[in-house]
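Here subunit A shows up in two complexes: once beside subunit B, once beside subunit C.
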Partner chain A sequence: MKNQKGQFFSLDFIIAMAIAVLALGMLLHFYELNTYEQQNARTQNELTLIAMNSSNILLNTNNCTAQTSLKNKGYEMHGCTDTSSWGTLTKADLMIPDEFNCYITKGGSPAINGCVDVLLANTPNIAVIERNFLERNLNILKSAYELCLDGGSCTLYTPAKLMVKIWK
Partner chain B sequence: MEMKGVIFTFDAMLALAIVIVLFSGIMIFNLAEPTTGATQSLRYTNATDSAINEYLTGGITKDDLPSDPNTNCKEFFEFSSDVVLEVRKCI
Partner chain C sequence: MKGQVSLDILLALVAAIILFGILTIHNENLGANIEETNLQNNLQTILLDTYSAIGTVKAYGVTTIYTSPALENCTVATDNTSITVASGTESRTYSGIDLSGVAINPATFNCGEGVSISK
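== the complex of A and B ==
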């Protein structure tokens, strides 16, 4: 034993340090993954909120028009949308910032002239939301409106689907 | 007691272990779950759209609404135990 020279660390210590380094490495890797996931979720949330906001603007600011007989009764046309003025809307009208791209369709066809951007295949984060709504571009008569409410044969509205895609 | 080949004392190694454990603990406590508020909001909006559409087309009438709000209702959505969001359709 007298000739065992140059041993700086014990074997136990070296093994312990190797395990500690491995554990630390795994911890850092886990932390990095979590940070990436958080960042991704933040971006996705931002896109989803912009998409929801623009869909709300589209559906809630152009309500159907009621004829005088119906308007005088105090009815508000919530849930029914007049889409006749959609075509000329711009990104700014829908409160979509310039640096974001958008593609908005109604029933599968582009509905807004200001939102016909082309989606590239490798785009990392995209928010896609779909809203079902009732469409009516002509005045609504009181008799037809109440017939629908009463569960009669309702042909007043056209069920439509709005799809909003937002990406950066 | 003579200990050859040992450069760190037991105390030093213990201190090192404590530092690593503390570092790991702080890191784990700082981890947070990604928020899902926007998704929940979207589901709520979609459920509201369905309810309004059904109301306007006669799917829900005054006679369908029971006096007891818990009668004949179906829950559409329920989220985590901390935040519960329910949209009910009553028939």
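== the complex of A and C ==
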């Protein structure tokens, strides 16, 4: 009995330490995940704002033009876009900063020469905005406009779809 | 006959001291990072807000008196191709954008100060 040894430490300590380390690890992981999600949300908001802004500029800088007879009556062609000059626009014209990439289509085909970047499959954040608008690349005649108002056959505008993709 | 002597309490104390030391160092680093990240986030928010205000003027042709979010020791500088928000050594910039048709008066202003933006 004299040579029999007692225990110096128990397994309780090892288990307690393991649980403590695990709990601390989970806490740090939670913080890290939270920070990542916040950063992700900020990036997505930034991309969405830039996409929305560029589409606003695109749809509003060249409104459809009315012939003098219609202008004199006080009509403004809001909500109608003349797309004939879109091809020559650049990223700078649409206020898309250098560090961002863009791909803009009208009816599925590239619409802006300056926005034909290739989207890689593993791009983490992309903002995509689709907007329906009315297109007319010729002057609008008063007679044709009034025909539409009267409920006759209206061929003034062509409905079109704009899609703006922005990513970093 | 002697009873058992356990080192649990001593080991636990040593582990607690080590853990406390690591956490203190981590917290100091974290504190510095949080301060820097907060400043960067604030600058980014002001940049986006200013960019959005200028974009609205450019798109719709309206004239507006714009006031950016306030931040101490912070300035917004604009020219024909860029917007820069800076505070101390930190800054955020959007470059390569065409602002030539937009008049911002004054072109450089403090965060929180009202400016006129027109097309």
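In the analysis below, the second predicted complex is superposed on the first by the 137 of 168 C-alpha atoms of A that agree within 3 Å, B and C clash if a C-alpha of one lies under 4 Å from a C-alpha of the other, contacts with A are read in each partner's own complex, and residues count from 1 in each chain.
The rule is simple: a contact is a pair of C-beta atoms (placed from the backbone, for glycine too) under 8 Å apart; a residue touches a chain by one contact, two chains touch by 3 or more.
The structure displayed is predicted, hence computed values, not measured ones.
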item: Which superposed partner A:Ala41 touches (first subunit B, second subunit C, both, neither); value: first
item: Touching partner for A:Phe9 - first (subunit B), second (subunit C), both, neither; value: both
item: Touched partner set for A:Leu49, first subunit B, second subunit C, both or neither; value: both
item: Partner chain(s) touched by A:Pro124 [first = subunit B, second = subunit C, both, neither]; value: neither
item: Contacts of A:Gly74 with subunit B and subunit C, given as first, second, both or neither; value: neither
item: Touched partner set for A:Thr61, first subunit B, second subunit C, both or neither; value: second
item: Those residues of subunit A which subunit B touches in one complex and subunit C touches in the other; value: 7-10, 13, 16, 20, 24, 42, 45, 49, 56
item: Subunit A residues within the subunit B interface of the complex; value: 4, 7-10, 13, 16, 20, 23-24, 27, 31, 34, 37-38, 40-42, 44-45, 48-49, 52, 56, 78-80, 129-134, 148-152, 154, 157, 159
item: Complex contacts: residues of subunit C adjacent to subunit A; value: 1-8, 11-12, 15, 19, 41, 44, 48, 51-52, 54-56, 58-61, 81, 94-99
item: Subunit B - residues contacting subunit A, complex; value: 4-8, 13, 16-17, 20, 23-24, 27, 31-32, 34-39, 41-42, 45-46, 49-50, 52-53, 55-59, 61
item: Subunit C-touching residues of subunit A, taken from the complex the two chains share; value: 1, 6-10, 12-13, 16-17, 20, 24, 42, 45-46, 49-50, 53, 56-57, 59-61, 90-93, 95-98
